[in-house]
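Have a look at these structures, which come just after this line.
In the two complexes below, chain A is the common chain; its partner is chain B in one and chain C in the other.
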Partner chain A sequence: MDGRVRPVVLREFYRKGGRVMEAGSAKWQRNLFIASFIIPTFVFFCVFTIYPVAKGLYYSMFDWSGMSQTKDFIGFGNFKEMFRDPIVWRAIGNDYFLVVGKIVGIMVLATFFAVALTRFNFKMAGFFRSIFFIPNVISVVVIGVLWNFIYNPQIGFLNAFLSLFTDEKVSITWLGFTNHTIWMLLPPAIWAGIGFYMILLIAAIQNIPASYYEAADLEGAGQWTQFRRITVPLIWEQMKVSILNIMMTTLNGSFVIVWIMTEGGPDNSTQVMGSYLYQMAFRQYHFGFGAAIGVLILVLSLITTVVLQRLLRHETVELS
Partner chain B sequence: MNNGIRNPIVKFAFYAILILWGLSVLYPLLWTLLDALKNNDQFFRHLPWALPEAPLLWSNFSYVWNKYNFDSYFLNSIIITVGSTLLGLLLAATTAYVLARYKFRGSGALYLLYIASMMVPFILALIPLFFLMNSFHLINTKIGLILVYTSSVLAFGIFVLVGFFKSLPKELEEASIMDGASYFGTFFRVMLPLSQPGLITVAIVNVLNIWNEYIVGTILVNDPTQYTLPVEIGVMQAEMQYRTEWGPLFAALFFTIVPVLLVYIVFQRKIASGITAGAVK
Partner chain C sequence: MMNKKKYAAMGAAVLLASMSLAGCGSNGNNAPNDTASTNNATNNAGNNAATTNDSTNANAGSTNAGATTDTPKLTGDFEVQYFVGGYGDKWWTKVIADFQAANPDLHVKALGGPKINEQNKPRWIGGNPPDFVYIDGPELNDRQMVEDGQLEDLTDWIKDAKNVDGDKILDMLAQQPQQFDGKIYNIPLVLNSWGIFWNKALFKEKGWQEPQDFQQFLDVSDKIKAAGTTPFIHTGKYPYYINGAFLYPAIVSANNGDYKVLQDMAANKVEAFESEAVKTALGKIVTLRDKGFIDKASIQINHTDSQMLFLQNKDAFIPNGLWLPNEMSKDIPQGFDFGFIPSITQDAGQKIVANTSTATVAIAKNAKNKDAAHAFLQFVFSKAQASQWAELSGAPSNIKGDISASNAPSFVKDAAKYLTDPNTIVIPTITFNADVDKAMQDATDALTIGKIDPAGWVKRVTDVVKKVAK
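Up next, the complex of A and B:
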């Protein structure tokens, strides 16, 4: 029996006797069904996601050590204190350093890999694609520990490798510079991020009709021209999504790699907003202040989203 | 037909880059295994890339498993990952189905709310979550983590599954209702089996994310018997400053990596389609 006959039969069924009663009960059943599928999820979501987010905004207005019963409403006091705190500014700077560094590093490499593994007829492209994604399935904690070992001053890879070229044994404490230690966190962040965006861009490239490239080939356009004139304009949407996603996940989640590798040190020089939030709230019990940093992260990621969308839209116009 | 790269030098250079990157990805995995078989002495005497000396210290694995209680962390991680993935799947699939198929007052707004929530930094909710779970007496419990993880994967699941349910033909449901099945029967016996590919995609992506999750785990759990694997790895790493046991640390990393690696090898395609589906996120 094919399905097309049945709706007619259904209508026939309702047209016959007992229509009012049937319809009333059917409507009730339908509503009951909708409610029972929507409400549990929604309640769950309200309790464990919406309520905490709203409460985070609320807590940011209080001076509160968490343990004591007294919460003092101080309005924007936490925010004023926050902007006077040099570590907050440093954290913002570090966050944006990572955002820019990751966007450049990940987008250049992910785009290169995506193009190389789809357009260049390379052997073993499928194999490369599979293994390049592996860092993305590994926990950031594990990645942090592995890279800590690479940077380890006594027994790490990097110093041992550099020692091959020098007379004396190199013993640089890579994660101990008072300045620029944040640079050391960029390679692991880029290494860990590429696979995801590569897969995204590969899917986008595979959606481009082959005829576009065939036409370009006939006209004698080389790979570079094809990349600039066909690939980039047609995957620009996905590249934009990738850039926005890198920005969001960095502002929101770079905390983990920082915490595992440096705990924000030395001397708060690698602090990012997330790690400072964690330290203020759960180490120093300034929960109100921590919540205010959370609001700062929200506001900055919204502003950056808007700004990036402006910038990237402009770019599209130029390209097409 | 695509000609690929013609210039042999460029071609060679590109291959070299791909192979180097491939090594940078594969080598750490191999080295995690090799270093798990060394004792401390070998770490300090030999170069980091030296092979472990005989006899290989397979005992590091059992040492971590028993002395560091990785048996219970492993079990905790499995219970929490499976529990929140299944619960998340059920809650997301039911709502996604209704949002995809039935119009009711506020259905559009509800869908937008779920999607918009993916844009809000989760870290903002961290502090209130701690106090919320504390007031429920769910700190240091697996249930607590399961509830929070479930909630955190809902939006993604709803987003992907609404799209998936919309792509299924409507005739099947009409036929099922005609045959006298209830709305519930239709969903569980007809639609759910049909949406298996979508469900698996969502499940796999969620399994990976939950298994690897660290922040929420650290904040909601401080009782060492309730740690998940990433939380324990974080703790071990911090303790390395006082007691250096490099071999066991690498064995611990190995235990944490292997399950996700297996999941990845088996479900590669599903993961790729999950990423592409969630791209708008």
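Up next, the complex of A and C:
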């Protein structure tokens, strides 16, 4: 008897207990599974983002050459000096000039191209899509060098082109007017940015059901009305993302094109925050001051993001 | 179940890997062993002229034997940091190999490369620098290094230091070391000069006179302009070219050939910047500007573009350094013949002023093997190494010595002759404070395009000087 019952009881016992144990370890394993993704990401994020930002904040409080073994703590001294420095203000102005110029230029042209390549069914659309995207695969450094040649007063394309229409050879120094040189950096920056946002908007437009446009056609709405009433509201989310992205990449990354083309000159007229940071930290040996400009870029980027998000808040239009 | 276990195991592995990676960040100060430590085998690459090298080697070997009699045997590690730029690294690999051969018990490590200044920065900050440093290239500035307390004070040592041949080092230098508050921290190794270039062939063809002073320069520029060529081009993107080759010699000329005024400027003395000499010199730039001699393209172009336009004979004169023929060697058109004068701003009868451009060597204050570093200085500043430098780097060395027998390029020999001529005023190395230097560059750019006048230049620069001197 015993010999028959015991296995059953044991089997029952093990089955129940085993299930409890199994459930517990499954939960534990699930957590471990999640943790194995979250923790490394978090550790990397801390090491490569939080730590440098914290360290940058820390250095901005010091008078440090960037090479010396000793650093002098000066509290907010660098920030006080920063706000007294006219070049910092010019750099901020130039940065926001580029932000506004690029947002307007890129969004208008990218939207125009996106609509042109999707809504007007012409055969070469694929070809033009590729052509417009090419600047995006070229390094910004190459773009800078290329546009430097375009603007070259003696052997540049722009003057050579203009000379076709004049009797005398045109010799405008495009990057030499201290008051307007920053304008000249807009075309390369816009040219380099259109392709990506165009593709983004094309994808958004292609998601709009054709029936909307057909219905609008039947109702007698023209292309412009269709664009204004159908296309823009339905791609607004993508436009918003594009605008925010242009703003952030410009505040953080306008350094590259400025540094390649003008190094902030002539006479500091094209200095942006990033280029002035580099100039001060690595050319003039004020690493602490450079770090303070870095903090300024961070703060301004955050504020601008919040403000822009508020401004662009728009009733979401549902596809239904 | 099995799958989950697998995932968990994988997750743990990823975690471990990431932790070990994260550990790398905090431990960056290990000696950069990946940088090639010099083996004797690496050095034969640059030795094309076997005969000269043999003789110099023999020389080095024998003299070292003499020197080691009164100095203890050098042992341990010895690290040399050298930036590789326009002068290349042939000389460095050679001299380090020679030094290693002369001191077999010493382990010489060469830390060289175009990015070495950035790479080694953490070691300097961390107080663990290489023993010996060649100060050249970006992110190394001797004045800043002195202010940061990174360099060994050589004032007492250099006073009667002798090189491996038994010659007094100071007596051998063509230009004396720069003094920072009366102290010497670094010794000039290269003797290069700023100056004004033209194309002799073009001048001959057009019948233009090669200028020897400022008036002649203005006269011939009038003719050049009338003939449809722009007289003068410079790089506005890097205004230190026009400052180094035109403005600073002009200041010295206007100060009756006394370069003390430049040294005072480097020492941040406001009155030096306000001196008549500075105003007169700035006036000469204004003259060029107002006569329309300066190529309008200058303000926006970099040095290469300005040099290209000069080589294409679109512009007659260019302020530059003696490295120009070497730098542009691939683009020099057939028949182009470089004419050079160290300065063009002196009045008739005044001496020519040569503003030197140099690179120096120094010992780190925290060097671990200072004996070896001193011995290396004694080794480097010898006649044998000087002629080897001229030959392998294409630039004149700062050691007085006849290099006419060496294989150095002919323009290097010519330049060396110019710089050792008693009728040339040679301005010794001067490093300005980086902020003041930048202010002067910006102001000169602004002056050349008529944005400010000389008084505005002085005002801008002195404002920065006052701030820096605080």
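Everything that follows uses one rule, which is that the second predicted complex is superposed on the first by the 265 of 320 C-alpha atoms of A that agree within 3 Å, B and C clash if a C-alpha of one lies under 4 Å from a C-alpha of the other, contacts with A are read in each partner's own complex, and residues count from 1 in each chain.
Heads up, the rule we're going with is that contacts are C-beta pairs under 8 Å (C-beta built on N, C-alpha and C of every residue); 3 or more make two chains touch, one makes a residue touch a chain.
Just so it is clear, the structure is predicted and the values come from calculations on it, not from any experiment.
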Partner chain in contact with A:266 - chain B first, chain C second, else both or neither: second
First, second, both or neither for A:76, with chain B first and chain C second: neither
Touched partner set for A:153, first chain B, second chain C, both or neither: second
Partner chain(s) touched by A:89 [first = chain B, second = chain C, both, neither]: neither
Touching partner for A:37 - first (chain B), second (chain C), both, neither: both
Chain B or chain C, by number of chain A residues touched: B
Chain B versus chain C as contact partner of A:282, first or second or both or neither: both
Touched partner set for A:132, first chain B, second chain C, both or neither: first
Touching partner for A:251 - first (chain B), second (chain C), both, neither: first
Touched partner set for A:141, first chain B, second chain C, both or neither: first
Set intersection of chain A contacts, chain C complex versus chain B complex: 29-30, 33, 36-37, 40, 44, 47, 51, 66, 154-155, 282
Complex interface listing, chain A residues touching chain B: 1-4, 6-7, 9-10, 13, 29-31, 33-34, 36-38, 40-42, 44-45, 47-53, 55-57, 59, 66, 109, 112-113, 116-117, 119-122, 128, 130-135, 137-142, 144-146, 148-149, 154-157, 160, 191, 196, 199-200, 203, 210, 213-214, 217, 223, 238, 241, 245, 248, 251-253, 255-256, 259-260, 274, 277-278, 281-282, 287, 290-291, 294-295, 297-298, 301-302, 305
Residues on chain A engaged by chain C in the complex (per definition of touch): 22, 26, 29-30, 32-33, 35-37, 39-40, 43-44, 47, 51, 65-70, 151-155, 171, 173-176, 178, 262-263, 265-268, 279, 282-285
Touch list for chain B against partner chain A, complex: 1-5, 11, 14-15, 17-18, 21-22, 24-26, 28-29, 32, 35, 43-44, 47-49, 91-92, 94-95, 97-99, 102, 104, 110, 114, 117, 119-132, 147-148, 150-152, 154-155, 158, 169, 171-172, 174-175, 177-178, 182-184, 187, 208, 211-215, 219, 229-230, 233-234, 237, 246, 249, 253, 256-257, 260-261, 263-264, 268, 271-272, 275-276, 279-281
Footprint of chain A on chain C - complex, ascending: 1, 4-5, 7-8, 10-12, 14-15, 17-19, 22, 25, 121, 124-127, 138-139, 141, 144-145, 147-150, 236-237, 295-297, 299-301, 305, 309, 314, 434-435, 438, 442-443, 445-446, 449, 451
